[in-house]
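Chain IDs A, B, C and D follow the sequence of writing; residue 1 opens each chain.
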Amino acid sequence: MLNTLIIGASGYTGAELAKMVHLHPHLHLAGLYVSAQSLDANKPISELHGQLKGIIDLPLQPLVDVAAVVESADIVLLATAHEVSHDLAPAFLAAGCQVFDLSGAFRVQGDSFYSDYYGFEHQHTHWLEQAVYGLAEWNSDAIKNAQLVAVPGCYPTASQLALKPLLEAGLIDKAQWPVINAVSGVSGAGRKATLTNSFCEVSLQAYGIFNHRHQPEIASHLDCEVIFTPHLGNFKRGILATITAKLLPGVGEEQVAAAMAKAYQHQDEPNAVRLLGGQAASIQNVVNTCFCDIGWLLQDQHIILTSAIDNLLKGASSQAIQCINIRNEFPALTALV
Amino acid sequence: MLNTLIIGASGYTGAELAKMVHLHPHLHLAGLYVSAQSLDANKPISELHGQLKGIIDLPLQPLVDVAAVVESADIVLLATAHEVSHDLAPAFLAAGCQVFDLSGAFRVQGDSFYSDYYGFEHQHTHWLEQAVYGLAEWNSDAIKNAQLVAVPGCYPTASQLALKPLLEAGLIDKAQWPVINAVSGVSGAGRKATLTNSFCEVSLQAYGIFNHRHQPEIASHLDCEVIFTPHLGNFKRGILATITAKLLPGVGEEQVAAAMAKAYQHQDEPNAVRLLGGQAASIQNVVNTCFCDIGWLLQDQHIILTSAIDNLLKGASSQAIQCINIRNEFPALTALV
Amino acid sequence: MLNTLIIGASGYTGAELAKMVHLHPHLHLAGLYVSAQSLDANKPISELHGQLKGIIDLPLQPLVDVAAVVESADIVLLATAHEVSHDLAPAFLAAGCQVFDLSGAFRVQGDSFYSDYYGFEHQHTHWLEQAVYGLAEWNSDAIKNAQLVAVPGCYPTASQLALKPLLEAGLIDKAQWPVINAVSGVSGAGRKATLTNSFCEVSLQAYGIFNHRHQPEIASHLDCEVIFTPHLGNFKRGILATITAKLLPGVGEEQVAAAMAKAYQHQDEPNAVRLLGGQAASIQNVVNTCFCDIGWLLQDQHIILTSAIDNLLKGASSQAIQCINIRNEFPALTALV
Amino acid sequence: MLNTLIIGASGYTGAELAKMVHLHPHLHLAGLYVSAQSLDANKPISELHGQLKGIIDLPLQPLVDVAAVVESADIVLLATAHEVSHDLAPAFLAAGCQVFDLSGAFRVQGDSFYSDYYGFEHQHTHWLEQAVYGLAEWNSDAIKNAQLVAVPGCYPTASQLALKPLLEAGLIDKAQWPVINAVSGVSGAGRKATLTNSFCEVSLQAYGIFNHRHQPEIASHLDCEVIFTPHLGNFKRGILATITAKLLPGVGEEQVAAAMAKAYQHQDEPNAVRLLGGQAASIQNVVNTCFCDIGWLLQDQHIILTSAIDNLLKGASSQAIQCINIRNEFPALTALV
């Protein structure tokens, strides 16, 4: 049993992680932590997330001294804010822990990326360079040898899983930037009180047009410019990305289907992508699952892809567990299906 | 045209009031005010309530000096917090304005009521005694002569309009306290950022069990003890009250129907109650209307009443306008239907 | 007062039309009709649409004989199925009525359009050629002289109002087809029982990919190919279209703003478009209004437009009334604001 | 491994059962069946319930001949309509299968109950008498020896689990009938196309007032008259029951707490009730769990209980599995937590 800590366990992804670690046959939930300043410190997690009552009633311990907790940890899950992850990860890494970071702190290489999009200068470029991007279906080999896995963002997961097979197969006309329209449930904004997320204010609406930090994350990992427009939707969880791209001349349905099958229908390792062919993906079918559903249709040299995930699971927590499984050579979907 | 001010115009009821005053043939929207400390001060109301854009773009003026604004006002609508209404009303009243207060500051007579339920000692008992309770269908004569109208709360409106005809007719066994279960949309909590009202946290749930301030408001105005249990529902607006009461021996359908008809199907004055007979009231049919729908069924000497209103309209803003209409001898539903 | 009939009055758009005609100072609601076979025939409209109770309780008369009803009509609103409108319109037109058709029966010129997209051969090409497309902000002059107005579809209204100013001004690179992603509330599917529209099955999902009949309606009226992907959203009413287009070289913010202002900020005639500039349109701000809100942002020679309407109002019923107003030289937004 | 069949597997409870049987360490999902006439016959279950894709893709076989399938079954789950369960159960029972019926066909003893409330005469009173009511927390001993378990309805489960501890302890004044107000998600009406359940028609509303078949189910098993008012709510799953009852003179908080603890906080057998004390139950905390959450408060000799379950799980499918576990001496919550 690998001792597993969750730092930042008070939020929605933290609660999902706790449940999955608890049910995992090879992981032991060794501790839940929140910031020492948190008003939730010392409360049982089930007081914040009532659905866990009777299942996980562990307290949210204040993280006062990393050195004191690191001893007990084989694996550390960071479900913390970007800067907090940035600050905390090195100490856990130096102590030899495996670190799986759900924030954006180690996802993208590039000099000005963190100052431009996250508002801080990255101080740990050594670890940034070592970090493996945890898009589980694509980086399995690297994840197996990683000490630090940067679990991808929710929009990037839905977007890349759909586009990457076609880009890798050289089917997309990259000169005409793919258009990604995506709608996320409100839980993507985290567990906090804001007017924007208050029940009466939420309605379908685009935000972060042309300047959302997930745009460069997608573009850099796909090596392809994209136009990415996120939207807030009036539902609690799930993301649907609708992606329109131009195919290179002569590319037809067979090549697309073959590229998808090559990526996701192989015998190497179980994965969490379900191919729907001509059927459209829907949020309902993926919510509360670890899956990404992908459908596609072609016409007039264009392709429209639909890709759906649970933003808290394949877009965060279950993908982190999938990475843990791969890293530790458990079957990739252990405790997820 | 009567010059009408709205104080506390930034909230949901304020926006509804602004729209109705704007459309009213005999009222002139003379000014919108918010607290001088409000972060919304000087913004156009349509920046907060985008649906008003192009219709009402007046600024939310900071209320610095009541004396300076009172001059321009014939009518003042207070859509302010309870204590703010308590503090502001006397100055407007002293200047001769008609004041329609949507808060709880002048609704209930009784020594310890404000300290027990609102957390402050009432300083204006003179005005409290003069205040007329604006349950429009029942207090029409008093409203006609009132200078200060305390517009009822949302739950009390839905509850009283259903029960009062039966109590007035002496049909209810008051020894067995009527049970009022009511569910309100989230807008009832106002326009503000709280974790409780954040989109992902809202789900059907009782609150304020045995200690909600609307319980004594209902009981005192009905002169009948009741058990009142409010619930938060996952919808934006509307209230449904389901009321179970015991009838006195021998009371049957005819007497109930007669009592309802006597209360609401007369030629005296148009009113905002729609009688559904044996059909159940639903939120959908009253949202965005000024109406209260009431249905009822009898069995085994019990009656179940269902009563639905829009909490922001008949439960607040349209009832205030209805009171203005009655007070100024306009047809009661002017600008409301 | 112009006598106005509503045919197909049982649905959601019919109910909205009834309310607006009822409130209109120059229209008289002369009759509500449904198919003679309808199970709703002879019921009061308020039995189907409870929110109308006490306001409009007229019966839904079975339409047995057009000749018998045509006498009483100056204006006919057809809120009927496409083929029904196709079959009924000529008789009303021959009798001299003004006909405003909310179906697709007279919207698009072109030989095979109706057989390809609506499954029937058009039999009334004479009237089809005479029909004026009722995109109110753009076809005002033609509407003034029309006898038959084909009110645009909901998606086409949201899409065209955003794109047309830019296309008319020659700012868009039409070689790279604009991508329109739009999400509609469930009321767009009409008032009927289907598994797809049942509460538990609805979740955000694309449909009609590459083959929705609104694609050619948009493309033919804009004279520009577009890629249009409609989605079903989990809300009752409203449409949000997010549109991505490539601008011609050298086109910048000023030219876009000028084109928008020219189209919608003039003194000629009041219109129902509200320009938001750099702010994103949201469904909440347009629901229950007659408005189309349009926002836009530019970057890297691309523009992203967001356009929101109430699908039942600006996408159907209020646009029909707007056309009636224009046709009869009432102020264009009479009874709408 | 016990071979387990699910009859009526196309609905929401069927899909939940399939998932739980699939994950159960001691059960083998031996077949999914639907009526031979069903349009869904021969489709994979994952075509109807997309969330099962890749997990359970078994076909929904048409049930043509019970004799042919009975051979392969140790356990039969009937998720069928009341009359279908009534007709099918005896053949499975005669063949020696354990039958767990999720319909109302074997829940209530009493001569005229089925003709009064279900519209058919019961033909299998022998089995009706033998049937054990599967309220798992209360009938454990009988379930252990049962061949036919009638799994309780969703409303009765939420209601009885809250009231039964107090009634068994003799704390309730039965002369004043407890008032049960309950709100159910739309999935309670099953997977079918009706106007009532269509997305745009659903809003909070009472139904079945004074004549819902769950009222006598509750009353007969509690041996206490109750007033039960069910409501439809605008959410997919979950039930919240708010129950108001009068306590006998002298009953206080301690006795209530002791009765609850005696019922649910013992060492005999794990159960699916979580006691919340003075906190109110909410739907969010129980959805997608097997739990019933119960909270309560006292005042003036009255008690208000709130009780929440997932209507498809503790109100149907997980309670059926809980009964299977008890019957076969597996830990009661096997495969449920």
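Points to keep in mind about this one:
Everything below uses one rule, namely that a contact is a pair of C-beta atoms (placed from the backbone, for glycine too) under 8 Å apart; a residue touches a chain by one contact, two chains touch by 3 or more.
Since this is a predicted model, take the numbers as computed values, not measurements.
Common neighbours of chain B and chain C under the contact rule above are A, D. Comparing chain pairs A-D and B-D, the larger number of C-beta contacts belongs to B-D. Ranked by separation of Cα centres from chain C, the top chain is D.
The mean-CA centres of chain C and chain D are about 46 angstrom from one another, to the nearest whole unit.
Between chain B and chain D, the centres computed from C-alpha atoms are 40 Å apart. Taking each chain's centre as the average of its CA atoms, chain A and chain D sit 37 Å apart.
Shown for chain B are the residues in touch with two or more other chains, namely 201, 234, 282, 284, 287.
Across the complex, chain C is touched by residues 176-177, 179, 181, 183, 201, 203-207, 209-210, 227, 229, 231, 233-235, 238, 240, 242, 244, 280-284, 287, 297, 299, 302, 304, 306 of chain A.
In the complex of the two chains, the chain B residues touching chain A come out as 12, 185-187, 191-195, 197-202, 234, 236-237. Within the complex formed with chain B, the chain C residues making contact are 50-51, 53-55, 274, 282, 284-289, 291, 293, 337.
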